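Structures for review follow.
Okay, so chain A shows up in both of these, paired with chain B first and chain C after.
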Partner chain A sequence: MRLFSRVFSGVLLLLPAVSAVYKDEAYQNDWHHELIGASIPSSTFFHRPSLDAKASLIYTLTSRSILAAINPRDGSIVWRHLLGDRASSGVARKAEGAVIAAVDRDVKAFGAVDGKLIWETTFVDKVKDLQVIGGGVGIVLLENGSVVKVSGGKIVWESPAADSKDIPQSLSVQGNNVFGLYQQPSKGLRIATILAETGKLSSSSISASIQPLDKIYSSASVVIWTENSLSLVKFLVLGAKSSAISIPAPQDVVDIKFLASGKTILLHYETKDKSWAEVYGVDHVKGSVNSLYSLDANAARSAFSVTESGGETYITWTLPNGESFLYGSKSANVLDSYTSESQNNEDISILSAISEIIPKTDKKYAIRTFIATSSPGFHGNTFLIRNGKTVWSRPESLVSVTASAWVELLDPASEEVAEELDVEGHKSVVGAYVHRLFRHAHELITYGPDWFAGIPGRVMDAFLSNEIREERDGKWRDFFGFRKYAVVATKEGGLVALDVGRKGAIVWELSLVSSNLTDQWEGVQQMYEVSKGTVGVVTYGGEYWEVDAFAGRVLTREAIGGRAKSSTILERGGKSKVIMVVLEGDRVALLPQGSILGEPAYIVVRGDAGALNGLRVDNITLATAKTWDFVPQPTEEIHSIVNRPAYDPIASIGKVLGDRSVMYKYINKNLITIVTTDSSHSSATIYILESVSGVILYSAIHAGADTTKPITATMSENWLVYSYFGTEEVDGEPGAKGYHLVVSELFESRWPNSRGPLHSAQTYSALAGEIGRPYVLSHSYIFPAEISSLGVTTTKQGITTREVLAMMPWSSSIIALPKRLLDPRRPVDRDPNEAEREEGLNKYAPALEIDPRSVINHKRELLGITDIVTTPAQLESTSIIFAYGGDLFGTRVTPSMPFDVLGKGFSKVQLVGTILALGVAVGFVAPMVRRKQINQRWLATS
Partner chain B sequence: MAPHGPPRLPPPPSPQWVIDLNNLPSSRPRPNPSIPDPPGFSQGSAGKGKSSKSHPTPTPTETDDLFLKKAWELALAPAKSIPMNAIMMYMSGNTLQIFSIMMTVMLFMNPLKALSTIGSTFARFDNERTHTRLWPVKLAYIGLQIATIALGIWKVNGMGLLPTTRSDWLAWERERQSVELSAAAFQ
Partner chain C sequence: MRLLVLLPFLPVIVSALDVQGTFAPSPLLPNPSTLPPSTSLTLTTAGTAKRTLIRRDNTFSFSDVPEGSYLLDVQCQTYQFAPLRVDVNGQGEVVVHQTFRGNEWRNKGEKKSYPIEIQPVRPVDYYIVHEGFNPTKLLGSPMILIALFSLVMIFVLPKLMDQMDPEFKAELEAQQRKGGANPVANFDVASFLAGTSSPAAGSAAPDGKGKKN
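Now for the complex of A and B:
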């Protein structure tokens, strides 16, 4: 051990210290799906980024408050911005060379070309609607009813609402007039007309009486709304002195959508199985609307778009099967139509479609349509159709991934002979030997010739390519085990398998929801890899699915027998895995059905009223009995609970100190960490519990912790890392304001070479007696950024040092902090002595700095990451990382450097060339030397 | 250029017996005096008989004493190198480098080699009379070689290569297993 570490540290010294990450070294192993979420139809548009731009971009604001510019050519994100933390409705409008978006109380203008912020304004109340008048000037309607004009980020004028009881609805701009539309409590529609120049209220009148209002829409020229649960549609032409025009809505309509452009208005009707549209024209002089034409009903869940191009107004109608039709504004004649070659499934529905139409000569049109779809399980996927062909698609539904499970791929070396090996296991020694002889002979005959024939090719490959070639695909894993499937579940109930070794390519998609039951879907509780290539999915609704992880087929589907509260997987050394689901009333069920529990199980569940309970589950009756409960203080509540990862191998049970004595790690698989917060005293408390007996082993109170800021924690081995925001004053004394990162490490004893009260016992029982308290060392650091999520790397044997992965929303990046840096044994206020230096301990520095080289996503921008999960590769040096929750990001890290694989700089050609050259040289020189030696003997002068 | 006939070879070297004849050993071992000289042989014909006669032939006791003196010299030779080795070992430091490793290996290799060839080392001093008297010499020799090895062990220990501490046996210690296992079903 000692020799190893010495030699190893010597080797490490020889390695050149990495001084930078070069561009060609980055982006080799990592992949990133930049996702934005489902587009909001009214805030999605084609727009020329600048007046002299040749092509337009797609700008969209999504339900995750991301404003993005998409290149319609290939679907790549040109730029994007996260405008709010929570999913909230917002509005985005095009302006000259800019895009102005309002989310919550903020209105921001971004340069359309590069997405740079031009100006921003924060209002006193939420923004209800936003309109843009020429030159990037915005008119904003606030929730409190005021109308505000903003120019260049400065408020030009503010016009308060006429009546504070009015509910603001929308805003229209017509020439120099701004119309604010309010719904009155007395069921009237108030239209406030404001002069755009001065902000003076020129008139405020109750223009129409309205019955129970369903939805309201306003364009520059007209207000449209529906009444009495979609039974009546009413129009009111703005700026004309006329009364509302009312038309009855067709029967059985479930939804009416309005679209308008210029003087054309489109009413899009949806029934359960049909959809169609009626087109109206606005007559400003008379203040009336007149029906132009109506289209025949077609398939339901379609989408329309109204586009102006070259002074003409066009209407495109996109059907769920991908067909699209183009109409003019005058008649119902189809100008152009496209059928689709793609086989969309039946359940797809079109959420929105926007088109860009360029008329060509001879009555042909170039059409690009950007479509957002929704299908059961997948909400918001987008794609672009150019002249009837799908050019690209974006899996935006994966923005809402809530759960994930790793799926190991099959090892081709052992999998193919697994059955044979099984046969051998059941035979006598001689029989098994004969069987194996025959098997090898058979293999030699079957695969031998091919193998020999393939040798030159393999050798050439090994020489010529420095890349690690992925030899296998499908369900067979590669040699180094870099390929694994991450099966993820979306909030809407879709399952997707991503191949993390192949840049996150989507392998298959599957929906757990059928189209008629979408409303009853409650989400995936948890997913587990229950056996080789099988994923078990537990849903909150009380269903259990088993899915073939390689093919994406549903194997079984069964009811659990109640709503699932929580679940866990029990892996008892070699025996098959059993999922235990906790139902309402602390009942438990075992999955797959028919599983049995070999021995009583202990589980930790969340109890009622914010407590945490330990339960003992009987192995025969499955009856539960409470063993302990953890009730936080009355003012406290449990913020989060973490435990050690399911796969967390520990290579060494002790830490070797500089004087070669050993600090034994306190290793206990049953440790859990509970973080409780107390908002009234603004404090956070950390408890470490032994979860079989419920004994609190350690607790730490952090006074002055901001409970509104995220507190995250993670555990591995014998240590715990957590972060919180500390305020500047703690109990009347000055504290360190900022984000604190605390590391606590648990040892068996305060003294080296001591294994605590249990001495060298091989087993212990927490229920039978004293298990000893850990000796806990802690260090606290100031971390420069908020941490929203923490993870730890895992490797196959646990020999490689670990890295703590921290998601920093502030810089949209994940940083990998070496655990060695967070060692609580670092000497404080003094330089390390000889022994500590030998251990690699540096002097404690309270502030951690973000080393840009440890940012594992390099320059990629990760938005909305909520979880970071890791899994080992076949190489001990390598850990595979996958982050989800918003964007999807995956990479591989080597915390102790890639010590078990040759680097890219290693030239095999050079090595073999040197050996060959030496061989040739020896071949030449050897005869010469031999001749010279003989001559020396024989030709010696007398 | 006209040929000059076969190239002239240098004269072949004289055969071994010629060389032996030309270089007779200066002092030949004295033959057994009980055997008479052959007829016509005189002691003086050797030419150097006079000079050899001037030295009295050492008695066997004297030879043995000389043998033992020589043997002691040989036996105590390592004692001289021990201080030098010790200083070198001290100076070379405890880091694992190629030179200190080689030197340390030599500290083991040389004494072991010497110990394994101890019989042949003292064989030339060994006869029936000196045999018993050589024992202390051999013991001293062995002792000094062991001292050199001890120096090597001290060095190896200094380098941290001896499994004398707890950490050296850590790899054989097992993680303590809990009888009960608890599963986290809180999320």
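Now for the complex of A and C:
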């Protein structure tokens, strides 16, 4: 143990504490939207976490397989767990002091208060349905038809299906009986009755013959299904000897939903423009169902909830415009109704609602309703409405962000005078001079008095280290450029601008799809900032949108002329940029339409047969011609392609060594990295290509790479970092097992001060094959955690050292690894010499440890992050980070410490105090010195 | 090794075991119940990765672990844990060893008992604290000590000289007139204060530090 600790701490010491989180800055600079996704209606409920708890929490399982407890007071997440790998179905049920959830093959019970796991069981097949009987005992219906009782994680009994061809549908529990409901291929409904105590099959009967079944629902007392494309609704009372009751469904119904609680059943009908409900009561003795009342039709896409409170059953009806009504179970009289002051969008539909109702004296009620909504582009946003007022909302639709673009805010200083400067540029020298004089005089008159008046305030603010008061907001950036908009696109077609510098506040929302075309939406291919404040969106379906990034307005919308495969942005000088889209059939389109390509372009596209093609795009005709292709080995397939970030400034073309010699970086903006995997031989191969000529500059094969685990790579400057899980063999013996992080750096030549074969060339062309061959240095490290995504920091000039950002899904965090730590020049098997120490190189240690101080999200837990994007701030030291894909997280880091800005710890009071103290000291010492000097002269000569 | 890769696909033939353990109390963490509910454990080898969470009774269990050699890691927000090597062999035994990252896999560490007992190595501290103004630390810095010493020399040494034997003093003065000036008596406080290794620079040091932060 002692030896181990020593090794451990030795490694930790090597990690320099850069871009660490300061205690007083945590939660100030960074922000986090904890998102869970769209709630599954049947697995969402209010529940008292413990028997003696005063208030209940909202528990929900979402389509992202996240089980979460939400505080209904403020909408904060109490606890949450990611249960599966993006499985879209699952069941959650309440139990005493616990919540039991089934996702995929696992059933897990969590403590309702603290979210700690109580027990878990993995079954041989997927779980179809789950019911809870007293004392936290679960009854599980599996996809193979078996019914299993689980208590405390142990299987009590297992009852196999009567017929293996039956399709299990759902499970109901009534007292001591468990009903397994199966659909038979021969169009029958089989109900298997099993005793909950013993697991003995007491009866298995085909209770009803059914026509093609649309949907089936079962509660404790009744099973309901629809037949013949929603034309017939049938009820069957469970545990009673009676046959199915059938009622015809109303005309033009597009959807029927069922809700039940105790003896009350609610049928919710939806037509294209109306929705209403019919309420039925169950008579167990007769085995019949009788209609209690029906509600008059109202607006479509509403939601009902059936709630039991104090022995009474209540029904709440929430309409898309925010209105809600409360009914009892006996009659259609409105007990209470609430109107909404908020003007909701017409296109909102309410997916589900759950309510908590507390009757008060004199016929008043306290109602809290948790609703999940859907509008075009945004799916699953949730709201809590208390007595008709929206208390809080959660932007759950942003869980499915697939693309993002940074939008630079406008500089107030340069933007206002840009026009004036333009005028001056077109005048004669004298005219321009006069114009400028007038402009300055005008500015002095307009802004001068305010500026002078503001001086004392500003000085005081600066003196007391107050936050600099934002003088401007909206589209005007702050002084340090920490504020930027990240425009993100959801999978469903919504665009949202987030103010990354202001805690990720939502600035505007916009939908690219209209309500009647949601089915045809195929997603955003990519987004670009095409000019100041304008975002260009390319969709897979073949459309191009231009959106005002500050106001959230659609500027233009045009068809590209085919489905888009991939796209890129080209800087063609001047202010505007051109987007090049590759359509199906390798045709190329330029956007905005009418743009011209100044010179031929070379692009790389994925071929149809798993190959990679280099294409030359003609500048006049836009015709493409294949210049090269990259075909992987027959057993290999292309796993991913990585290129350098679009904005990747390189401050120095060389690396100065300790002896003042220079290793020249191999800099080529056309480098791409291709990762290919071979699952049959479990190996991964990395290729670095020159994308214009298609020449392979470097390749590395990793035998023993696990292709089932994530392999990620990122590039910047002249280096590449990638990670994979490896069990490589060294001389026939298994080598180190674990996640490997490999860094490869490209230099022009092996020797310092040498520029390789192209050193004398003034210019060179990749087309003529003159690209030189880089000298590649690599180091491989063992990294303790799985990495699902990599990113690199970017700064304005690229002077600041870079950091590699790695998303570690197991510990739900992002770590910032300084590039210096991964340097492939770290000396192996010897201590660094004087020159290397001067360079800051440590002895190579194969294992990297996770230094918690480098975890940029500190105590926050990030779930489901797929991408990490970065952008520079106005300060060279600072890089802004935004991570999306599940949760949204934003922060800023300073990889070389904040060298260009005073920290918060800098006390101006202290500085002034020190100067004053020194002044006093000088005033005190000066006469002494003077006296001494005089004395020395006079006394010495006497 | 090749066989191991195939093993997960043949769960019928191969025996599968449950791997269990507890988070044991230790001086560093007397009550493991304070660990956050998101504390998770992973058992990895080529082809499989099993993940489980800490349970309410501070135990954990991986179910149906096929034969093989695994790496056990703990992810926790509040404490760091050491990795373990877990071998599940054909006889239904689970053998646990301490392991070191980056070592060859056959290089086993200290053998541990089974069921696994997990204890943290150190608490996690995510933050660095900004260094503020600290007078005692300031006085302890070598620069200030040197400055204080030289100040004492300036003021105390002449007084000492006055109390010296008059003959010796006269001799010293004669020597001074003859040769170079006494560096101490001739000390120029003004230029000293402006100098680099002076008390002024020393007391300005905290601001310099602040700037760096």
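For the reader, a short list of remarks on this structure follows.
Quick note on the criterion: the second predicted complex is superposed on the first by the 866 of 942 C-alpha atoms of A that agree within 3 Å, B and C clash if a C-alpha of one lies under 4 Å from a C-alpha of the other, contacts with A are read in each partner's own complex, and residues count from 1 in each chain.
The rule is simple: contacts are C-beta pairs under 8 Å (C-beta built on N, C-alpha and C of every residue); 3 or more make two chains touch, one makes a residue touch a chain.
This one's a predicted model, so the numbers in the text were calculated from it and none came from an experiment.
Looking at the shared chain after the overlay, A:Val656 reaches chain B, while chain C stays out of its contact range.
Of the two partner chains, neither chain B nor chain C is touched by A:Val434.
Within the superposed three-chain model, A:Ala847 lies in touch with chain C and out of touch with chain B [touch as defined at top].
Of the two partner chains, neither chain B nor chain C is touched by A:Val828. More chain A residues lie in contact with C than with the other chain of the pair chain B and chain C.
Looking at the shared chain after the overlay, A:Trp810 reaches chain C, while chain B stays out of its contact range. In the superposition on chain A, contact is made by A:Gln526 with chain B only, not with chain C. Once the two complexes are laid over each other on the shared chain, residue contacts for A:Ala785 go to chain C alone; chain B is not touched.
Of the two partner chains placed around the shared chain by superposition, chain B is the only one that A:Ser765 touches, whereas chain C remains out of contact. Judged by the document's definition of touching, chain A residues 1, 7 lie at the interface with chain B and also at the interface with chain C.
Chain B makes touch with chain A in their complex at residues 10-11, 13, 95-96, 160-161, 163, 165-168, 170-171, 173-187.
Within the complex formed with chain C, the chain A residues making contact are 1, 4-5, 7-8, 17, 20-24, 26, 79, 81, 110-111, 114-122, 682, 704, 706, 708-709, 725, 727, 729-730, 733-738, 781-782, 784-786, 810-812, 845-847, 849, 852-853, 855, 858-859, 861, 897-899, 902-907, 910-911, 914, 917-918, 922, 925-926, 928-929, 932, 936, 940.
Across the complex, chain A meets chain B through its residues 1-3, 6-7, 10, 526, 566-570, 572, 580, 582, 601-606, 612, 614, 641, 643, 650, 652-654, 656-657, 659-662, 667-670, 672, 691-692, 752-753, 755, 758, 760-768, 941-942. Here chain C touches chain A in the complex through residues 1, 5, 37-38, 40, 42, 44-47, 49, 51-56, 61, 63-64, 69, 71, 73, 75-77, 80, 82-83, 98, 100-106, 109-110, 121, 124-133, 177, 185-186, 188-190, 193, 200, 203-204, 206-207, 210-213, going by the rule given at the top.
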